[in-house]
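Heads up, the next two complexes both have chain A, just with different partners, chain B and then chain C.
Let's turn to the complex of A and B:
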């Protein structure tokens, strides 16, 4: 196939590539809501029995002894932020003990970001929308929370602000975090390329920073093709007892429930 | 759509009230229900572009600020710069893959002024002739390779 390729100077290859990329994004958007309802693990297993992925089938079977279902997120590169944000907000619908602290922490992030030199104008815009959502947690129910997260405009506002919180924390503690970034000269550079833009995928460093900034720990169950039938569980930060669990499959995060 | 207009209206009000040095926008240069703006830029004093009047065209899609705006130079004076093609397209990473919704029209203008200000030799990009013959009208439809942050 590659041998047959002949460069045609009249064709715009960039445009064709980007068109194809947009079509793929649209197909994903049509097939998968930003945040789904709860889906039983038996349903999740079916994704792998057809493809005969015995390792994943075995691992999900094992997982069933502890967990019951997942809530899927759209694979748009923002899945960690959307999954964590949703699970976090969902807990505060019922757990009022920690809510006041959470509200205060979120409220304070704006001044921290502005002090760090983020543009006041846009930070205020995102902060206002984020705080409106946090304040609503006092009165709304699960169903309203799902529709909040599936309203793309609002949902993306929340993702952006969570990304800004991560960027803010990494920059505030840049001396420490500089040890964990590769390929960028500074933490600020890293944030500009890998944290702040929408659709950039998250790694351990994003998770560590967000849980630290909000004081809401998370555990992530990593499912990969390694040997054995158990998935590895990582807790952020290490000595905490999180009430939120995420399921990681290569390149993607969903919320996991027991 | 509503969030895009609300955001742009706020940006416009702020820019008209308190514009950064060398950046000017007025109500007459806003078109199509806020979705197209012409912004006047002055080349910064003490740089190769001092005294030059430049114009940027901004086009905003309904997904702004989550998607980046389309930004290019227009008008009689397209600055001669290693990242600016003679058709006005600009090779600047924050306009595509490094765009962040925390950026704004003002932040883009300042980045472009700064890009111009750090230039040490006025010349077109090496692939200018080929690029303007084959590129799309929309600079966002180009897959840019950002190879040089120092110019």
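Let's turn to the complex of A and C:
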């Protein structure tokens, strides 16, 4: 393969690489909705039974004693934010006990971001759209929520704002979070490269920050190729009792339902 | 998708009209299409581009502001960070990771909280302070570095030309 390669000075390889990347993103976008309907675990298991992956088959079988189905998110690097955002909003459709507090907390994030030096004009644009969605939770049903999250423009606006909330919290508590970042000189620098840009994947630090900022805990069931038949459950923050659960498979988050 | 982009572009246009930054005029080429803008940028004071008025075009993607616009000067401009065909090459027009020029990692990149105003202000700073580390026009970068007098002469000519003198 490498022997056949002839460098063509007329070709712009950076452009060609970007174009190829865009095509892959488009293929994924055409094949996967941003948020799917609920899919039974029996269906999910079929992704693995045909192959050799007996570890995952065993783990999903075991999972069935507690969980029934998943709601898949598109694999576009925003899956954690979209899965968490959807599950969190979905919960407020039926359980209004914590809704008023949630609404107030979300509303206040704008001032925090502006105080941190984010540009007021563009922050307001994202905040307004986000708050419109949060306010709608009082009146809409599940079907409307699904179409909201599958409207690419609006859905991405929500993801952008969730990313900003994480960035805001990390920067506000930078003295603490500076201990957990690697490869960047400052927390602000980390946020500019690993949190704010769309499509950047999430790690523990993103999950910790978002649940802390919004006060809505989450538990994540990690499915990997480790031994045993049980997946590890991580609760964020540790001592909470989350009502939303995400399923993590290497590189990807979906919503999980019991 | 274009719904939120259109709304955002209309809001930015309004903002730029109400509070125009010094030395910058920008807006849609015509109000039927908010995704194509033209801008006029004055050469910054106390630089070799002072006094010039340079026209440029901005083309916005349908998912703006998730992705940045492309910007191109429609006049001649001999400058290290402007390609000979007019395309502007500065870090704020690129998302992190999208890195054709190998910018320094600390350089400010595109993010959805940036805006047209922010881009145009960065372009004004770029005119004032060329960055010859990541050159789009190698010839201009070399002249800027090695023969500043000649660079300033060419700039002065460009300024006069931009004014139609």
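Operating definition for what follows: the second predicted complex is superposed on the first by the 258 of 258 C-alpha atoms of A that agree within 3 Å, B and C clash if a C-alpha of one lies under 4 Å from a C-alpha of the other, contacts with A are read in each partner's own complex, and residues count from 1 in each chain.
Basically, contacts are C-beta pairs under 8 Å (C-beta built on N, C-alpha and C of every residue); 3 or more make two chains touch, one makes a residue touch a chain.
Nothing here was measured: the structure is a model prediction, and the numbers come from that model.
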| item | value |
| --- | --- |
| Three-chain arrangement built on chain A, chain B and chain C clash or fit | clash |
| Which superposed partner A:121 touches (first chain B, second chain C, both, neither) | both |
| Touching partner for A:49 - first (chain B), second (chain C), both, neither | neither |
| Touched partner set for A:160, first chain B, second chain C, both or neither | both |
| Contacts of A:229 with chain B and chain C, given as first, second, both or neither | neither |
| Chain B and chain C footprints on chain A, overlapping residues | 14-15, 18, 118-119, 121-123, 125-126, 153, 156-157, 160, 164, 192-193, 196-198 |
| Residues of chain B that touch chain A when the two form their complex | 2-3, 7, 10-11, 14, 65-66, 97-104, 106-107, 133-136, 141-143 |
| Chain A - residues contacting chain B, complex | 9-10, 12, 14-15, 17-18, 118-119, 121-123, 125-126, 153, 156-157, 160, 163-164, 192-193, 196-198 |
| Residue numbers on chain A that touch chain C, as the complex places them | 14-15, 18, 118-119, 121-123, 125-126, 129, 152-154, 156-157, 160, 164, 185, 189, 192-193, 196-198, 200 |
| Contact set on chain C toward chain A in their complex | 1-5, 8, 11-12, 15, 63, 65-66, 95-98, 100, 105-106, 108-109, 111-115, 117-118 |
